[in-house]
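There are structures below to look over.
Shared between the two complexes below is subunit A, which has subunit B as its partner in the first and subunit C in the second.
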Partner chain A sequence: MSMRALALCGVFAVAPLALAGCASDTSLQANASAAKPGEVVGMRRLTAAQYRQSVADIFGADIKVQGRFEPEVRREGLLAVGAAGAAVSAAGMEQYYAMAASIAEQATAEGRRAKLMPCQPASAKAADDVCATQTLQKYGRLLYRRPLLPNELAARVKLAHAVSTQSGDFYAGLREGFTSLLTAPDFLFRIERAGSGRPVDGAMPVDAYARASRLSYMLWNTTPDDQLLRAAETGDLLTPAGLQAQIDRLTASPRLEEGVEAFFDDMLQLELFDHQSKDPAHFPKYSQVVATQAREQTLRTVVDLLVRRNGDYRDIFTSRDTFMTRGLAMVYKVPYASKADWAPYTFPAGSGRSGLLTQISFLSLFSHPARSSPTKRGVALNEIFLCEVTPAPPGDVDFSQVNGDAATVKKTVRLRLEAHATDETCASCHSMVDPPGLALERFDSLGEYREFENGERIDVKAEMDGQIFEGAAGLGMLLHENPRAPACLVRNLFASGAGRPAVGPDKPTAQALAKTFTEGGYRLPAFLKQLAANPALYTARLAPAPALPGATTKVAARSPSSLKETGR
Partner chain B sequence: MRTLALAAMAVILPTAATAEPWSRAYVVDWMEPAFFHGGPKDENPAPGTDCPKGTAPPHGWKKVLKTRWRKDADIAYYMDAENRPDLQRVLRFRGPNYENVWEQPTLAPDLGLPPVTGKIAYGFNLDDNVKTGGFSTPEGVPGIDNGYYRAGGCWASYRGQPYKSQRGVGINGYMRDGLYTVLIVMSGNKDPMNDDDVTFAFYQAQERIMKDALGQVARDVSFSVRPDLRTQSIVKAKIVDGVVETRAPAEIRFRDEAWNLRMPDQVQLIGGRLRFQMKPEGGLEGYVGGYRDWKVIYRKQAVNGRDGEMNQGIDMPSFYYALERHADADPDPKTGKNRRISMAYRLRAVPAFVLTPDSKEVVSVPRVFDGKPASQLAAATATPAQ
Partner chain C sequence: MRSSRFNRRSILRGVLGGATVGMGLPLLDLFLDGNGAALASGAPLPTRFASFFWGLGLTPTRWEPKKVGFDYDIPPQLAFLEGGLNKKTSVFTGFTVGLDGRPSHPHWTGMAAIMTGQCPVKDKSFDRLNSFDTVISDAVGGGTRFRSIEATPFRGATSSYSSRGEDAFKMADDSPLALYTRLFGQGFHDPNSGDWAPDPRVLVKKSVLSTVKEQRDVLWQQTGASDRARLEQYYTSVRELEQKLDAELRQPAPAQACRVPEAPVDLPRKGDVPTVAYNNKHMCELIAMALACNQTNVVNYVFTPATSEMYRPGDTPVYHAHTHEEPIDGKLGYQPISSELADISVGGFGHFLKTLDNIKEGDGTLLDHALVLGYSDTGWAKIHSIDNIPMLLVGGANGRHKGGQHIKVGADPVTRVSLTAQQLAGVPVGSFGTGSMATSKPITEVMA
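Our next item is the complex of A and B:
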């Protein structure tokens, strides 16, 4: 058993009801290309958004999911990749259990039963194994994203029977059955198993259910629906025509917007808003409302441009079209000419705004709480939009020119950074990351436009890749024409869908996909269809699992039934 | 959309000394009677040059309640804090035949509200006569007329440095919490710091004030005009070195300060003037003055406000007599008694965006909004209120 599986099983030991899916056979294979059909080749913890959306789709949008989710892990620039290495701590499991119990209680509440139940129990005051079986089978399939195995179902029915009998309440038993399913690894993690197909470029194809999940979470950011599961059950999804039919259906749905939103929320690191703070003395306009709306503004902008208008991806760097609220308009210092909560808005040509880089989200997330930071903005821009990671600074950097008393003499951040970058150790990185950040210096730490810093006019000229440009508009144009930007998007889309970075053996696939994206005029919906049809997306390629720091080593008790279940 | 964008630019772009149309818009973030505090800086009730004997003595409730027919035990009952609703009732209906003396103050005697006796006041020389008024501004401008200050400036809750009086803090809290919103729009065609033909407008907004993280009124928020003629006025002004002043006395109307919605919403000043300083950070600060119907002031405080006696300890009939005593304009042709009293408000405002009632267009040039569709309005030009 690998460390990852050990950790997983260990933490699930705190929740006796959730042991069913955890056994040695669920351990990941060191070399997925050698995995046998049915063996686990990937596990990705559901993100908070995926968990919420899955519950909403399965039990109803009015079900409240209240609780604290485990911190998400960003790897290779994406939470979607980090999810493949995420575990669940004991405290996190308690939260999952509390959420599951609450969801189960809401789902089985008296007013919802008519909608929930596929059958009528013989008595509401006694166990009814037939009806419990039908119900748990129906919802278990949706929660596990595959049909329950006989012993998985039998365990829940048995549990429901015992609780119903003891309490004299059929629904109390059903509630426990749901809670058990909702806390099982098979729900909390997208457990992917090897299929029977031949390896693709040395990677093992995943089975039809994993294929359905990848497709559904990539395009809709939610659990596979009934149609998709049926296509997996019949094996239709494993055929090119069957796969294409599902791709066409999913991409034609308005729910594609949810998938695109989720991807960009991840790629643009918008979850950082959850922990953002601004010094109110400097930025009194900042509030949680502004933060929430800024996040939504960016996502609305992206979805509108790329999905609804089927625009050129590169226009995210240059477009002045966005959406506004009264609160955001206050920060942008523009009039809000609408009585609606949200309204389309186009920044005037001379406003200095140009694309996502000049929205509050990017400008404020990659700044200090009380001042802007060309370096943070430059690092983020390189990582997010160009897939170029900047090494962490050495531990003994002298920041006195930037933060110390000397900083008060030099009025603009450009002057301070120039002084700081005279140190050769620092210069190599700063010369790469600072220029785009300096071009954005007309926007303060919150994203408000400014002309001056400490009375000094802000110079926004910069040079990148040998090209001199000025301000956000110049930067936007430069990125618009930079082929690394769309290539980076493609790499991220592939990584998000496949759950692994597009490096090493996957690099040629990503390059080919980038060519496809370019030839298609950088249109996202069409490209998503092409990506979703690419066999490489449905493969697993695992490196040996790293040890999980802080993971408990307690091994969960194994039951014979769980061994049998997972050995399929 | 292009029109809107251009209008927005006119508002937000830094203005230079050029002969081009310009527009500035604000939301009022503070409004209070312009009273001068002659006492120590941070001690509002302490005696000062304005009120040498300190604040007006609190209402002598025991004395008022003492009648030949009321027993001492009854008075003790009313003075018990537990029984304040009953106290309010008996104070209110203390006329000779249980009349409501807040409504009919002349049925109660004048106990004498101490007036301001200092020589300094904020406001304007409304009658252009340096020999009247009896006040000079702190800068030494003589002939300042501010009868309202003279009558009520020694109230404890009115006293204090600008923006520091108990009443000012309290009442502006209601405004900031959303009870009402006052807007200002200015426009001109020359240099916004020096323009001899400025159109200045007061409006009321449909939306509540938005506060920032520090609890202050947020800047740069958009508001749409409430098409209400009662609280709307447009006057001609001039700007000299960033100081905005009315070109000639005018009727000025705007939304009055209030702590509840029963109170009169309108300030109507006759012979009104204004003077505002455009602040470097983009705000506006100054005074609006004129002659106001003193009975409206009385009713606002005593009847609609209902807090003069109970919360401020001021004998309302005495306040009535004081206002009447210091009223200084608009004599009644029959009685010869003045119907209006000179006064001034202190206003402070922060930059905002002001839009038409339908929120579709920036109000870059003030015009009248009376609720009629734009097509039925007179030409969209400034329409002075008088």
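Our next item is the complex of A and C:
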């Protein structure tokens, strides 16, 4: 065993339970060409939702997380994949620090101490290293999603000691210890390390702690709980039976709904609501409340159909069942008789509404602030539900032929878009993305139903994949029968869990999983159990090392003092 | 409130080792030397740098001066230069972006080429390169609370166009109140007030960050090459936060032009012209004071993102849609609404400049001690052209910039302007850019 591996196993072994997966010389050598056990093979920055939920589960749901999170990065259609390449900027670090300090302050507040503390300090007015160690060890394990290394723990205990002593307040020291843990990269990033198992399809297996994290964030969107961490510590999680036991436990919990919600919030790009803007001159019914409820409406619809009713995934394109609030009912122009905040609602047949594509969320997010956009909707539909990315428009396009002059402006979007057919370069993409968008044109930029645009009756006939259809209901039926839609969901679920797109060497795995999903009748809960039991989900593929980053500036002369000044 | 038994006396005794801290210092011109160009200590007034981006370029035929060289005519779209700013401004026309076989990503490639010297292979990426403002920040950003400040008056555009690599773009404050709080909230100390004392909480924060940094070497050893750059960026951000804390522990030198602004009120989040203009007004004032109060020396400002969705109240299409869809008016020879929105965008730049120029500092104005690059993403947005992207350098750069000129070239790379900006800002840089955009030729005509 190498010195480094020995050191790693050694330091983890002092934790309450020995590190699972400390490997023999043989297994280390077998994987030497890729990554050695214990080496970092992935860093996934916590999403805002994961950060919030982790804090709530560790310190209490009443802890307020106040601050701005770094903008999240969407890659390969998912923030979950973008998180694997996300960094922390200086402004982001300021925010993370401020949030950490605020959380630590609240967690150690007087009224919470009885619940928080696993021990009683000898005095509330002095340092107590024993109790500080016990407390920081307990919460550090939950925050880091693994036991703290001895030096990691010792550094926090030392900090707590110094602050407690100087301030005469045991809890002030503890507070700063928590702040330090909450600011560390090991909390802000899900740092994944290589395990010692055999490669799966050429990919490195991750260790038991990374396995616990992937399982927990995928199914519950939160940090691994005590039971899961214990299964990782004993190595039980690395065995098929141990893994299955945890999968059964997590999927049987109502918290599965949180994991499903988080996944669809990401896949459907609902975070765009955070920055949505609608011109009130056109849409007086729009407000931040409506936006928030529209987001929740979609998530409630998905969870109800796929989890609570164990429905067919493909029905998200056709179901008229949803949930309504008074504010949303005004936009949908439907009656709202309930006295409750939310009430189940089924759109009548012939209403033109059909599945998620006709909810305010999709219709309004993929529109301009004051005008619908068949192209935006078509591009989004292809990417989100079919995993088909539309190439960016060419650099030099002259729209003069499309728009004509002031005297010949086209009255409807359809007429304007059809003019693209005169340009072969434009037509190649627009013929793919516009038809589904045109079928949704009876819904304006907010999602309200309409029949006319600038006095012209809106034509919602369209053709896709050689099939002619009409309106949202026709589009919904077409997508319902499109095998690429469930296959796309499977690809996204795998990518979200593993933190990498299901492409290249992972493609066969995704195809096999899609077959499983189909054979299972497109039922999500059962499929999630199968996905969670697939060894490929717990592997990492090392990306090629990037070229050294830096500007293309060549500095003529730089003194040692200037280097010191920059701290770089 | 956090309970704490720290007080100033204990800090001074126990942490600062008894170092004396001056109190009740007089202000203003007393601290400038006889020429007004340096602090009385002999240290020169710092050169500040700002990049100011607005989306969707300008209107061809309406922004290029006809006369080349000094005393150029002021075209309609640069009307904000009237009244003296033209003498402090270099206008650059005729520059282009060399694709070198790479794709031209609409509304991205032009901006990326100016900031990194290379056309990125991937859209919405800098191909992991730094933007050149970070090189300037490394050279002149030390000693202040913030190495750089990023902001945008367009709510929701929270990613700036400044990056230290890894395609991680610095987060921009998008509300005036958030920007105010960051700059002048907790941790800010009025450099001209006489009651300075170190805040003991800052020392505790430094101790917390020290524990975070202790694990760096171990983690670095365990991390593969593909993740090391991001890990390093994390620790760079920690160091920047430490620098902020260090600055807060030092008694700030008096700053002649510093006037602590009032906290602004945020409007509801909208992208219409009046809201953007309101935010811009307040943010310009805040940033000017951040520079004058020595809180930062580098600013990256995005007036509107490249595909600007700013709109006129009640108008159906947004600005970006107008640029592609609006017909050219036969009589005017251009798109009138798009041009109006371009006027508003570059007018926002003008407001930024005037705000800096209205602040007296030493022998001139804040703008005289600054260099501002105004630039965009396209030459003519209607066709996504990356030729002749508007670029202007404004400000005296502490006497280094010889403004008042219109520099017209025949398809030279935009990187010549980027290189010039770096040299004027005081970076000892010899060349910039790659491929056909590699250059070691700054525009010497504008260098004093």
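Criterion: the second predicted complex is superposed on the first by the 498 of 568 C-alpha atoms of A that agree within 3 Å, B and C clash if a C-alpha of one lies under 4 Å from a C-alpha of the other, contacts with A are read in each partner's own complex, and residues count from 1 in each chain.
In this section, a residue touches a chain if its C-beta (ideal position, glycine included) is under 8 Å from a C-beta of that chain, and two chains touch if they have at least 3 such contacts.
These numbers come from a predicted model, not from an experiment.
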item	value
First, second, both or neither for A:334, with subunit B first and subunit C second	first
First, second, both or neither for A:521, with subunit B first and subunit C second	neither
Partner chain(s) touched by A:167 [first = subunit B, second = subunit C, both, neither]	second
First (subunit B), second (subunit C), both or neither touched by A:285	first
Subunit B versus subunit C as contact partner of A:348, first or second or both or neither	first
Contacts of A:451 with subunit B and subunit C, given as first, second, both or neither	first
Touched partner set for A:193, first subunit B, second subunit C, both or neither	second
Contacts of A:90 with subunit B and subunit C, given as first, second, both or neither	second
Touched subunit A residues, subunit B compared with subunit C	C
Touching partner for A:326 - first (subunit B), second (subunit C), both, neither	first
Overlapping contact positions on subunit A, where the subunit C interface meets the subunit B interface	280-281
Contact footprint of subunit A on subunit C as seen in their complex	2-6, 10, 14, 103-106, 109, 116-118, 123, 128-132, 134-135, 138-139, 142, 146-148, 150, 155-156, 158-159, 164-173, 178, 182, 204-205, 207-209, 211-212, 214-215, 218-219, 221-227, 229-231, 233-234, 236-241, 243-244, 269-272, 309, 311, 313-318, 321, 324-330, 382-386, 422, 427-434, 438
Partner subunit A, residues of subunit B touching it in the complex	1, 4-9, 11-14, 207, 210, 212-214, 216, 218-222, 224, 353, 355, 358-362
Residue numbers on subunit A that touch subunit C, as the complex places them	4, 8, 35, 38-43, 68, 70-71, 73, 85-95, 97, 101, 105, 149, 151-152, 155-156, 158-159, 162-163, 166-169, 172, 175-176, 179-180, 183-186, 188-189, 191, 193, 274-277, 279-282, 288, 368-371, 392-400, 402-406, 409, 416, 542-547, 549-558, 562, 565-568
Complex contact set, residues of subunit A against subunit B	280-281, 283-287, 326-327, 329-331, 333-339, 346, 348, 350-351, 451
